[in-house]
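Two complexes follow with subunit A in common, the first pairing it with subunit B and the second with subunit C.
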Partner chain A sequence: MTTADLEQLEHELPPGEPVDKKIAGKSPTRIAFERLRKDKVAVISSAVVLLLILMGLFAPLICSLWGIYPDNSDPASPRPSEVLSFDTFPAIGPPYYPFTWEHPLGLAPRTGYDNLARLLYGIRTSLSVAAAATILSTVIGVSIGLVAGFARGWLDRLISFVIDLFLSFPFLLGALALAPIIISRFSTNLEALSKAQVIALVSVLVVFGWMALARLIRGQVLSLREREFVQAAQVMGVPTRRILFKELLPNLVAPIVVATSLTLPAYVAAEAGLSYLGIGLTGVPSLGQTINDAVNSYAEYPLYLWAPVVTVMVLVLALNLLGDSIRDAFDPKTRR
Partner chain B sequence: MAGFIIRRVISSFLVVVLTSMFVFALFFLGPSNPAGPVCEASGKCTAERLALIEEQMGLNESVVTQYGAFAKGIFVDRTITIGSEYECDAPCLGISYGTRGQVTDELLEKYPATLSIAIGGAMIYLTLGVLLGVLAARWRGTAADRLLVGGSLLVSSVPYYLFALLAWIFLTLQWSIFPATGYTPLTENPGAWFAGLLLPWVVIGVTFSTQYARFTRGSMVETLGEDYIRTATAKGVKSNKVVFKHGLRAAIVPIVTIFGLDFAALLAGTVFTERIFNINGVGWWALNSIQSPQDFPVITATVLVSAVLVVVANLLVDVIYSFLDPRVRMS
Partner chain C sequence: MTTQSEAVPTTVSAAPTEQPLLEVTNLRKYFPVKSSGLVRRTIAQVQAVDGVSFQVPAGTSLGLVGESGCGKSTTGRLITRLLDPTSGSMKFEGHEIGNLSPKQMLPYRKEIQMIFQDPYSSLNPRHTVGTIVGTPLRVHKVVPEKQVLNRVRELLEVVGLNPEHYNRYPSEFSGGQRQRIGIARALALQPKLLVADEPVSALDVSIQAQVVNLLTDLQKEFGVAFLFIAHDLAVVRHFCPEVAVMYLGKIVEIADRETLYNRPHHPYTQALLSAVPDVKQAAVGGRRERIRLEGDVPSPVNPPSGCRFRTRCWMAKDICAKQEPPLLQIGPKHKVACHFAGEYGAMPTSPITLNVLGVDQEGTPVAGATPSAEDLNEPGFADTWTDVETLKGNSAPMATSLPSDSRPASEVGSEDRGTRS
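Coming up: the complex of A and B.
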């Protein structure tokens, strides 16, 4: 049999589930999904999240259709001197001139960048950084947790100690310390700098973000490994790697999904926060960085601040509420 | 009991030592040259000057020697050469590249601001959170309870710094409900100290209290379901007394853990709070010291001190917990 056949077979025969039953057996994931569909908060927040994801995903397309530019690297973009009066506030649109469809959210003071374009690209940056960090920290956290829980003994003690070590490191100060070091390692020119910042930011988020999940998974594995099916697999001589990833991992889907869905908003918030502090991203459009710029000109130009603040708020809120609904959906205690 | 505490103390000490090594390695063996900022700060930086400064700072020594010198400085006085010679009294955490003052002295100077924020905020969020949680548990299932649970979910779903920023913009900048924020030492002018920190306290208090309300509510709901509560009610003890005396006393135990860790995190550096409300504390100091030219000794010191605070808080919480809950000692 080829691997494709095997996959087909696995698809037809879900492990550990009787097939020839009249009452359809539902996997926990499936039950959770069905409950989610009935949850109003979950439906609304996932619609909002989807909309924001699409906005981020199609940011370049929307911008080119609208004819707006997030910066002036494009030769077709308007020069700052053309759109700004006295090189400070925009000569068209808010705050001093009426609304224009050319730049619905106005232009940034001093730089003349289009705010809508910055916003769309900011969502794009924010979501991609958060997604990359979530995937990486989930993979690391799950692997370490699996190994620690399954190995027990000295390896478990060592890993638990390392987890404690990382947890005792204050995140913000750690990020403050780590970011410039990673950046200075990669930055040789300005082009590379913005890439280095993204790498630095993702690494900082991952370095300080994997411990909670590792701990959670370790605890789950500690109890799972005593169950009969694991012992049976061990008696049959199934290699440890296979036990970990084929026997234990499928039983950990619920906690992993729940943890992931709550990690994502935390990372979105952290990305915007760090960029607001000026230790995140400066080379690419970022919502936090725009907030930081806009605070100073709030008195004259409130819209400039409101757009990114509301976007971050809505994005994090929707993701958090969705994560919370997912947790409730997977929680057997709230199952009706 | 003694064995438990000794084991925890040893492992905490180990964590602190490893953290200090890690932080040290990060800066002094990292890709960027600590001599660079010093050299640039003093005008034109030639290759010879850079080499001389590196030599003076002991950067050519082995890693172990450098760390040894750093660690030794915590216990005995040492002299540090950065361009010229500086005395550094024990406990020495280095000499700031920026101000050329002793990092320890500057740290002690900045700490009162951060400590004031943390203590004031903690007092508000602890009392408010526990009170709300108890009341919600007592009137479980009513509209007030649902409002609290929903509201706390909503508040904790929005990033803290946005709350702080919006509060500052509206409450002090636009509507002037709160006095302008900032830090004045308590000993200098108690009134100004209070006025400048009022908004940060309220913001920290309100945002953190939602989390405590949820924890307390959960813990209280569980406790109020216990048999001894029913017994007390059946005996005719007044309902307020049952909830606050019999119930809360047992339900408060898990809150101790979270409080200890949160408080340590607040002490470790309220970076956002200090940045938004313009308070010159440890967080602000750390944030400034990473802007170029980077002030490595300052970053090392702040990270190290905060890590020690977190570790000590962890230790204290564990010890206190083991007194409060005998089951912890057994396992």
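Coming up: the complex of A and C.
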């Protein structure tokens, strides 16, 4: 730009008006979101995730519009005898009959439940269990990490020891042992049982999932607490709780968001895995349980298996890619 | 015994009863060095600050200079109670603040604020300037919530920033502007004492002058007292009427600006000042004589016995290893901790501290001699002082055994005190 251009620019501005009025400060979070919007992978994967979330969220609505039912508790649902042939495989739709819009993914053998309905409700279960576990473990991990990082001496050492203890405990063994114990306490009441299963699953995921984040946050706090703005807050007499949550926590948004976005798909996968092993949910439709059922009839009926497997894969992949993009957006220094 | 009434400056008329804003006596901070392993025993102590005494009068500045690691920043952090002192007393307006709990300390937080060295790490990058400057106002509830923003704008204007920039983030400002934000935050509570921990050393030289001038203006306007911690002697000379020099956790010399910069009596101060480039010298041409100190600063974990500077001092004698030199007042506003304190090139050949310590030339205690009862760790300046010039003459007979100096004895006195009449 030449001097003449600059002069012209200056003339165009109304006199007396402050030039920098339009320049508004952007918070680091806003900058990260703008970066995220420009990332194609992030946009596509978040669209996929959003679609799956909507599918899970509106599962009852979609099912009633389609006229499909996840089980036969509804009086309007087709009786197994109506839709199944003598060899327990469905009498309409795959695998032996052509595609029908009535049941796009076919029917389950033996029970005659609609596969699409089971899938939608399965997504709903998976996402809600994973979301609940993620939120809980994030809250626990962040609080414990903040306290451990900020407290010096015995408290820090105690918390670090507990973190190490939980990390060294085998997850699968713990889950296998813990779930039946929790469930057995409620086994007398069937209604309470399905609730107990959800609580048991979420707590197993949380109990073995908070340590990684707590460690991460502790490390971050250890380095942040030596920064002078924390000391400035102390000199001003800011109470410790306020320092932790008002001064330190905003600086931990990036690691928390990144860790959370990568924990969510891990929990989805873990939920499906635990349900497959039979220590997850039995009362409500879940993806892992469907996979478990479908393995037996894979030779005759591959679609029955592939539908939930592909759904879990797409969900986990989309969440993981989104998590990667979020990490890049919030912390551009680690970009490859 | 002599009375040096003619040496007393006639201008001194400050009422000695006036209470200093901050009085630090014998302040110590030892950091424990822990062994590794399951049982972490304390195996050593880093003597970061070891018996420091000084006063900061209201509305003025005391400069604290010294090289890296001499404990000047630790002293600042002790006064703001970021660290807890190991021992010693700190009196703010006559109230002891050294042993207060965080809750008890809260009212004093308003009065003592701090400006930090690094403007890039002293502002929370996730908060807007309005939040940063408004935080002290909100925490201490000095103004109602609705007026916080107005007050923030006023403060930004005071430090020379555009008051409309309150909703910007620190990353949008330059280093000098950030330091101004830090100053605005420190001023928000209208403190009486500001501890400035190297406030300009992270800034560009041209910006340094702006910030120092801003601090000078603020001091004139609001009457804030400063404890100005720096390693830049020129900045301290510009800003502080009184300067203390620290070496390895101790104050070695403390004096008013003119005395310290023109007639330094401690060899370390002389060495420091000789390292400052001199523009006049460059104009005259030729090389100035510089004092080059040998070796490194000893470890504060295991400081040298006696005088801590003796390992690098070109005048060190036996007594320096045996006896720690007290911070002896040798002028109306001049204290120095050296056995051989004197102007460069005219140092006494015999220790000036013998009478005070009650020891002989070699540093061994003399039987029957009583060390001066007066507490030499008293902060501030007394009305009477030891006169070096008289001592030089008086101690000469003791020094006759030394071949270098055999000045005839004029008068042998056991007590050589200058007196302000």
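Before moving on, here are some points about what is shown:
Convention: the second predicted complex is superposed on the first by the 305 of 336 C-alpha atoms of A that agree within 3 Å, B and C clash if a C-alpha of one lies under 4 Å from a C-alpha of the other, contacts with A are read in each partner's own complex, and residues count from 1 in each chain.
Simple rule for what comes next: a contact is a pair of C-beta atoms (placed from the backbone, for glycine too) under 8 Å apart; a residue touches a chain by one contact, two chains touch by 3 or more.
Just so we're clear, the structure is a prediction, and the values are computed from it rather than from any experiment.
One of subunit B and subunit C touches more residues of subunit A, and that partner is B.
Within the superposed three-chain model, A:Ala272 lies in touch with subunit B and out of touch with subunit C [touch as defined at top]. Contact with neither subunit B nor subunit C is seen for A:Pro60 once the two complexes are overlaid on the shared chain.
Of the two partner chains, subunit B is the only one touched by A:Gly174; subunit C is not.
Look at A:Leu321: by the touch rule set out above, it reaches subunit B but stays clear of subunit C. On subunit A, the surface touched by subunit B in one complex and the surface touched by subunit C in the other have no residue in common. Those residues of subunit C that touch subunit A in the complex are listed here as 77, 80, 82, 105-106, 109-110, 112-114, 116-118, 121-128, 135-136, 139-140, 162, 164, 167-169, 171-172, 182, 185, 189. Against subunit B, in their complex, subunit A makes its touches with residues 161, 164-165, 167-170, 172-174, 176-181, 184-185, 265, 269, 272-273, 276-279, 291, 295, 298-299, 305, 309, 312-313, 316-317, 320-321, 324. On the subunit A side of its complex with subunit C, the touching residues are 18, 20, 24-28, 227-229, 231-239, 242, 247, 250-251, 253.
Residues of subunit B that touch subunit A in their complex: 11, 14-15, 18-19, 23, 26-27, 30-32, 153-154, 156-159, 161-162, 165-166, 169, 173, 265, 268-269, 271-272, 275, 283, 286-287, 290-291, 294, 299-300, 302-303, 306-307, 310-311, 314.
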